[in-house]
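In the two assemblies presented below, chain A is common to both, partnered first by chain B and then by chain C.
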Partner chain A sequence: MVTKTEEAQLSRLESQVDNGGGGAWDFLCLVRKLKVRRSDKVLKHGLSLLKDPRKRSALGPDEWTLYEQVAIAAIDCHSLEVAKDCIKALQKRFPESKRVGRLEGMLLEAKGSWSEAEKAYSSLLEENPFDQVVHKRKIAMAKAQGNITVAIELLNKYLETFMADHDAWRELAEIYVSLQMYKQAAFCYEELILSQPTNPLYHLTYADVLYTIGGQENLQTAKKYYASTIQLTGGKNRRALFGVCLCTSAISQLSKGRNKEDNGTELQSLAATALEKDYKQRAPDKLQLLTSALKSLRVSS
Partner chain B sequence: MAEELVLDTAIRDWVLIPLSVVMVLIGILRYFVSKLMRSSQVPDVKIVKEGQVIVRARNLRAAANFIPAKSFRARRFYYSNEENGLLFVPKGQSQNAQAQMFSDPNMAMDMMKKNLSMIIPQTLTFAWVNFFFSGFVAAKIPFPLTQRFRSMLQNGIDLSTVDVSYVSSRSWYFLNLFGLRGLFSLILGEENATDDTQRMMQMSGFGVDPTKSLGAEKDGLDIVQHDWALPKFEQRAESVLRKLVH
Partner chain C sequence: MGFGFTVGVLGVLILFHAAYSTIQYRGLLKIMEEEFSGPPITVVGELVIGLVLCMWAALTVPGKFLSIHPDSEENRIVSLPENLDFMIFNHRGRVFPSQVDLKLKH
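For the complex of A and B:
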């Protein structure tokens, strides 16, 4: 997770570098540390660093880290020639390195020669079956080729061993959602909530999935998770506010007045008011739409 | 107050400086030797998986109240059922690390290599120092120290009347052995410093039985009382919104 101060620092450095104020290396270090995706900027500034022999030698051993970073950014931007040069330089320095082998696999992938990339990754895995990055590349490759079922299979196999890797769980959850396999997705989101119980995004998506599955019980649970999202975000998340309204109206439709004294109407009317207030402040011209939408849910206060 | 001892400059030239230089050189040599002998070991699938299972089970235990009761029960069953639960270790199958070490010659080999690179130079240099330099008063610390430091600074000199701020040659060896880490990290780079004390810790840490931690995790999971936290969240969300609206 990128914190707010880090983000501010990053954007400050980014604008400084863009306007020729120097500090390119600091910017690149920060990008690497935060693992953010700024491939175009990394490619531009990293390459200018690499092309200047004096600056490059000033980096010392970090030069090779920079080569790797620029190579990956170049692959992301599809400037394959640059990537090739970087990887060649790395290969010269570190022959038989697995890390460079990984980069070669990624280059093959970027060229679209799937079978060759597959072969490269497989040979890497033979040497070290616990290389998580290579496993993930293989999964990503299957997904990129459109073999979603293969990707799921590989991911499941991966998670069997590395079951504490929550990024993989998240990927699997998103794939399941895209395939409308909501029960499986719900399981993955539960796993994510377990690993980071105070991350409101997971609560929110879990609630979305439960709401989509439907049914009295799931709707009740979804509403609770929307509520927890509201609590964790301090009521700033509009999606959660809408979610509460939708859930309550869906529940009341399902129960058809069987148990009128539902205790959730309070929360729902509060959410509706909060939404109205928010719209009044930020988008007064769309308030009309909101009130009509809420009215159709019969939750307008 | 005892009279000042006058240290011969020849002691400085032939004991203090050679000793320090040799220690540094040996440290560097050892680094390169251990780098040569280091073999990349591939960890066992089972061990990697067990580590991951433990992390996941710990997450479940810590955050159990954040998922619905049904999901929690399903997971607990998955981890700790008596047939094929992930955390369940059948009796008798829990081989201890000692036995594992004997069954896997690679592991023993690795230990040997590590030990060789550590112990042999140490014994050799210690013998060397003892043989050539024993009994020298090699240096003087420019500030007075209490009696407690005597065993640390005057190892090898059994005189209680010598002022504590004098350092014997053998003690100088020990001070170098443990104190050169900062210098090594300067010469060899940050992570490469061979840290004896740390390595000794690793040695003693060896032999932890992973199956034991699995069992402990299972016991911990079995006694967790599931108390779903979400209904409380609903009320809290209400109060949050109330504050926001008004």
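For the complex of A and C:
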């Protein structure tokens, strides 16, 4: 999870490191902690740390963590020579390590030699059939090769064993959304909300999926989840505010014939005022666009 | 930190002194053969002062309070971590050659 303060800290450190202000190790630590994908910068700054023998020895045992981080970043940036050197250094220090074996598998993946990577992962799994990361790498490999159906199958099988792994649930949900299988994706997001009920982003995505499916009942539920997102973020999530407005107008459009009195219009006007206030503060030149868009929503209702 | 700690120690000492005074007072009452109905007003005042000092020290010395509101800046989640366990490498990044001559040598 990346909170607002952590995000600000990361961007501050990033600009500081980019402008040569030092603090590269702190930046790399934060990148690792927040699990953000900044491979090019990790590669650049991590490598300069590793090249300097004095700085490297100052890290102590963290040196090997840095080697691993740089190796993965190098694989991601397709600088396979660097990755190979890092992995070689790790192998020298930790012979027969499974974690290093995993890195080798990833290197094979990046080279595109899928069958060899598959073989490497299978031998790792033989030694330890409950290595979650290796299972995930196999799934990612199926995805990378374009076998989405195989990836889904593997993920479902994986989730039968490791049901509490919310990263895997999220991956499955994202795959389903990319295939426009919204009902299945909604189920995965329900699982995610159950495992982390205070994370507003899952509520938001679940509401998005329900809104996309459409229908009176789904729209009502979507509105509720948009509202809970607003509650959890203190009204600072603009997407949720827009979502409430859209849901309300869609619901009133659907129930036009019945002419039912609904109390949702109050929520909509509240969300609209919050949006207008926000735009007035941050982007006054785009306020016109917002008011016209909101007006069109209200006209249709 | 040092100041708050000193205040805390002072508060505890005051409380000890209040206890000692109460015991002394009870001893006096026994000699005078009177019933104990409550500590004298000065001891009660001492107790209150000691309590306030201890409370203030206990609230300030251990550190700042952290927010428990989900919508505060420290707790509000703005983005999910990348799903790094599922990262795949055949993206467009491989087409761009790395800008610097990267090489790890020892």
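One rule holds in what follows: the second predicted complex is superposed on the first by the 245 of 301 C-alpha atoms of A that agree within 3 Å, B and C clash if a C-alpha of one lies under 4 Å from a C-alpha of the other, contacts with A are read in each partner's own complex, and residues count from 1 in each chain.
Basically, a contact is a pair of C-beta atoms (placed from the backbone, for glycine too) under 8 Å apart; a residue touches a chain by one contact, two chains touch by 3 or more.
What you are looking at is a predicted structure, and each value in this text was computed from that prediction instead of being measured.
*Asks:* Quick check on the superposition: with chain A as the shared anchor, is it clash or fit for chain B versus chain C?
*Replies:* Partners fit side by side after overlay.
*Asks:* Anyone got the angle at chain A's C-alpha centre between chain B and chain C, nearest 10 degrees?
*Replies:* 50
*Asks:* Which partner does A:G234 reach: the first (chain B), the second (chain C), both, or neither?
*Replies:* both
*Asks:* Give one of first, second, both or neither to describe whether A:V36 is in contact with chain B, with chain C, with both, or with none.
*Replies:* After superposing on A, A:V36 lies in contact with chain C but is clear of chain B.
*Asks:* Looking at A:R170 after the superposition, I want to know if it touches chain B, chain C, both of them or none. Which is it: first, second, both, neither?
*Replies:* Second partner only, chain C.
*Asks:* I'd like to know which partner A:A274 touches here: chain B for first, chain C for second, both or neither.
*Replies:* First partner only.
*Asks:* See if chain A has more residues touched by chain B or by chain C, and give me that chain.
*Replies:* Residues of chain A touched, chain B against chain C: more for C.
*Asks:* Scan A:K224 for contacts with chain B and chain C and give back first, second, both or neither.
*Replies:* After superposition on chain A, A:K224 lies in contact with chain B alone.
*Asks:* Taking the superposition on A as described, I'd like to know which of chain B and chain C A:L47 touches: first, second, both or neither.
*Replies:* second
*Asks:* Pick out the closest CA atoms of chain B and chain C after fitting on chain A and give their distance in Å.
*Replies:* 11
*Asks:* Taking the two structures together, which residues of chain A meet both chain B and chain C?
*Replies:* 231, 234-235
*Asks:* For a test of understanding, state which residues of chain C touch chain A in their complex under the given definition.
*Replies:* 69-90, 93-94, 98, 100, 102-106
*Asks:* Which residues of chain B touch chain A once you look at their complex with the stated criterion?
*Replies:* 40, 42-43, 45, 48-49, 52-53, 55-56, 59-60, 62-64, 66-68, 71, 189, 230-231, 233-234, 236-238, 240-245
*Asks:* List the residues on chain A that touch chain C in their complex, please.
*Replies:* Residues 1-5, 7, 34-37, 39-40, 43-44, 47, 50-51, 53, 74-79, 81-82, 85-86, 89, 106, 109-110, 112, 132-133, 136-137, 139-141, 143-144, 167, 170-171, 174, 198-201, 231-236 of chain A touch chain C in their complex.
*Asks:* So in the complex, which bits of chain A are touching chain B?
*Replies:* 61, 128-130, 160-165, 187, 190-191, 193-195, 197, 221, 223-225, 227-228, 230-231, 234-235, 264, 266-267, 270-271, 273-274, 277
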